[in-house]
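Here it is, the structure, as structure tokens.
Chain nomenclature is as follows: A, B and C, assigned in order of appearance, with residue numbering initiated at 1 for each chain independently.
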Amino acid sequence: MSKRFTIAYWAGFGIVLALLTVAPLVLPEFWRRFLTEILIWGLLAMSSDILIGYTGMVSFGHSAFFGLGMYGAAAALLMVQPPNLWLAIAYGLVGAAGVALFVAYFSTRLRDIYFAITTLIFSQIFYVIIFTWTEVTGGENGLTFRRPALAIPGLFSVPFTSETLHWFVLGVVTASYLVLRRITQSPFGMVLQSIRENEARTRAIGYSVERYKIVAVMLSGLFAGLAGVLYAIQNRFAAPDFVYFLVSGEAVIFNVMGGIGTLVGPIAGAGFFLLLREFFGRIFGDQFPYLIPVGIIFIIMIIFMPQGLLGFARRWLNR
Amino acid sequence: MSSADRNIEPLIAVEDIHTYYGKSHVLHGVSLKVGKGEVVGLLGRNGVGKSTTLKTIMGLVHPHRGQIRLAGTPITSLPAHKLARLGIGYVPEDRRIFRLLTVMENLRTGLDRSGVTEARKRELLDKVFAYFPVLAERRNQAGGTLSGGEQQMLAIARAMMLEPKIILLDEPTEGLMPRMVWQIRQIIDVLHREGVAILLVEQNVPLTLEASERVYIMEKGAVRHHAAASALKVNDAVIHQYLGV
Amino acid sequence: MDAILAFLQAVPYDQILIQTVNGIVTGMILALVASGLTLIFGIMDVVNFAHGELFMLGAYIGVVVLATSGNFWVALILSTLTVALIGAALQVTTLRPLIGRDPLTTILATFGISLVLQNYALWAFGPVARKIQEPFTGYFTLFYLEYPWYRLLIAGLSAAIIGGFWLFLKYGTYGIWIRATTQDRVMAQAMGIPVPWVHTFVFAIGAGMAAASGVLFGPLVGVNHAMGLDWVLKAFIVVVVGGMGNLGGSIAASIFISLLEAYASIWVSPAQAVIVSFVVLILTLLFRPTGLFVPTPK
């Protein structure tokens, strides 16, 4: 039985992966970029799922991690010439990890709503710092930079095309998914889920709950930062808007809409949300406040479909 | 056993209710009846579901299966506040008076209903202060400053403000001194004399057998035995079997 | 000795006094907004992310009513009542179905509402800020500055509204219902109090208070669709620092934080002065998580 399931699961995974790989070859430019963006936001929402879906901690701090990943990459791409892809990733991850550690240290000792509010405040702290420290961060206007080439130093260097960029992003996101999946199914992941189910009992058994939470936040922060790096590379700019807490809110929305605790759900949620946005924009024109119907759909989903789009498959996806 | 055999519609009829807390199946088909003005006891060890039964009757917990009727009318899915207005009073374990409200304000939560004249309100207050003079003394004190026994009295007095047809009493003598236990016993008698039915959940077996006309005994989430109190008084064996005392 | 004198002379007393007044004025408005928020949380455990948008909506309705009627007070009253009704409608349709579920769902639902309201305002009124005209102009001299009377009116009126509400809670008929429900929702129901309606009523009051703050504050800044965001953040900080569900605490915290920020703005820009409130929040959470002005529970 389990063998059949594993085959079915990986077959499904393979099919989806194949579709996403082939897509840029058949889609027009706009949709190619659109798909890439879905993947990037999906990665951000997936990182949020580690906290919300697996550890049971609602966090609004992801915009800080995302933003620092973005600005970290920007720093690498502006300060080191020629712009180096791997350095950008490294700087971004370090930046995000640093912020995650900072936030984790202060917030993890708090419970529930206080944790959520504190992470939100931290996002805003970083927003204010980035917004006002114009000399370093470009303030309101952000930073622009060139996209680095896909390069392995000494071997080859090829500038990204929108297809290859898409494949690169797809590769990173897929790898992230596999890594996170492995982690959530490991003993560590099991402890996180036990914290979600019953924190007091987990603590009583003897686990140092705070330490696990800190690691969870850092893990989440790392992947959120990675999403930020990818975004920076794709769009070639970094702006404070992405550090504003609304971005965290959106990540949480994608996560919940797609189904928490599923890891792929958030990606589906991001796709669903962005597609809805596009759809409304097309039908009603650019000026239409697409967020009104999308917001209403979101509220209706929370009331009637709280498990999200993929929530029904939650148990399968976690086997 | 006569009142149980009469075919008059009982005041409260609980029919085969199954209640869950989450996934936990707590009540496995509880059935019981309380007639108008009757005092009925509900005994059982800790954790058998006595409090849950009361909470289900009070509409604080909804059963998955089964029916509850008040004077014939089904009330199973009604919310607690409607049931309170229909005449069911509830005095929970650990009293749960409003600690930050004064004694007077606690009483007013039951008193301030539509359809009650100021004169009637005055009457009810006077009556309750006559039964519980200590509450009259402390009427402007915060509920949290009262002693355990005084809080118990306030909890009962508060329920009486609803002019209920039946009061659900959950372990009213728990943790009280013998003198207070005696006072509770008096109150039960007074209520009985006024025609208020009582469903009494208790750990204190002698008190229950004294005060009640009939007694149900629960075990593992269902009613296992039902007899007149007088019959149980002479038949220790049953008590031993279910309660181990 | 000279150094001390020099220091004392360097202290900008006039600035400090002006900022004290400013701080109290802003603090009272913040208190009005935060009172609604803490009330809602205290009674139904709902973190109302849309509270800032109710503030913003109140301001906009004020703009519209003012334009048609020409009277500030009519605008204030109509706006408060309208938003209270809107709040009640929102609570009944979106929050009642969520009772008993994971608290995350109410956070998300109110977040969704805030998005919808914000974008509605943007669409209906456009991105350009509107202005509400004060009901009267007029200044008195505070040092070298002409200080508007209107600002003092705001502080006074906010205090009056909060005070009036507090009296209602203590002595009004339904005040007992609200206090009982806040303390023990279950027993309140068992006493016949129609708890679902009490929840709706309190939500409506909170919304009304937010709207009133919006109209009162309108003349001080431009009315635009994003004005709620900063306020909701500050209000959350105040509610946590003051102790969640604690009315007196949030009022004290509002004034405390606003004063600190006002003083800070003597030396740094207002955009940076907000960091003060963040720092206060973090310190509170680290050392007195139940609230700065709440005695530590035994």
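Basically, a residue touches a chain if its C-beta (ideal position, glycine included) is under 8 Å from a C-beta of that chain, and two chains touch if they have at least 3 such contacts.
This structure is a prediction, so every number in the text was calculated from the model and none was measured.
Distance from per-chain Cα centroids to the pooled protein Cα centroid is smallest for C. Most remote from subunit A, judged by the distance between CA-atom centroids, is B.
Between subunit A and subunit B the centroid-to-centroid distance comes to 54 Å (mean Cα coordinates, whole Å).
Work out the mean CA point of subunit B and of subunit C, and you get 44 Å between them.
Centre-to-centre, using mean CA coordinates, subunit A is 33 Å away from subunit C.
Interface residues of subunit C, counted against subunit B in their complex, comprise 173, 176-177, 179-180, 183-184, 186-196. The part of subunit A that touches subunit C in the complex is made up of residues 52, 58, 106, 110, 112-114, 116-118, 120-121, 124-125, 128, 131-132, 245-246, 249, 252-253, 256, 287-289, 291-292, 295-296, 298-299, 302-303, 306. Contacts from subunit C toward subunit A in the complex involve residues 47, 94, 97-98, 101-105, 107-109, 111-113, 115-116, 118-120, 122-123, 229, 233, 236-237, 240, 244, 269, 271-272, 274-275, 278, 281-282, 285-286, 289. Remark: subunit B residues 58-60, 79-81, 84-85, 90, 92, 96-101, 105, 108-110, 112-113, 158, 162 touch subunit C in the complex.
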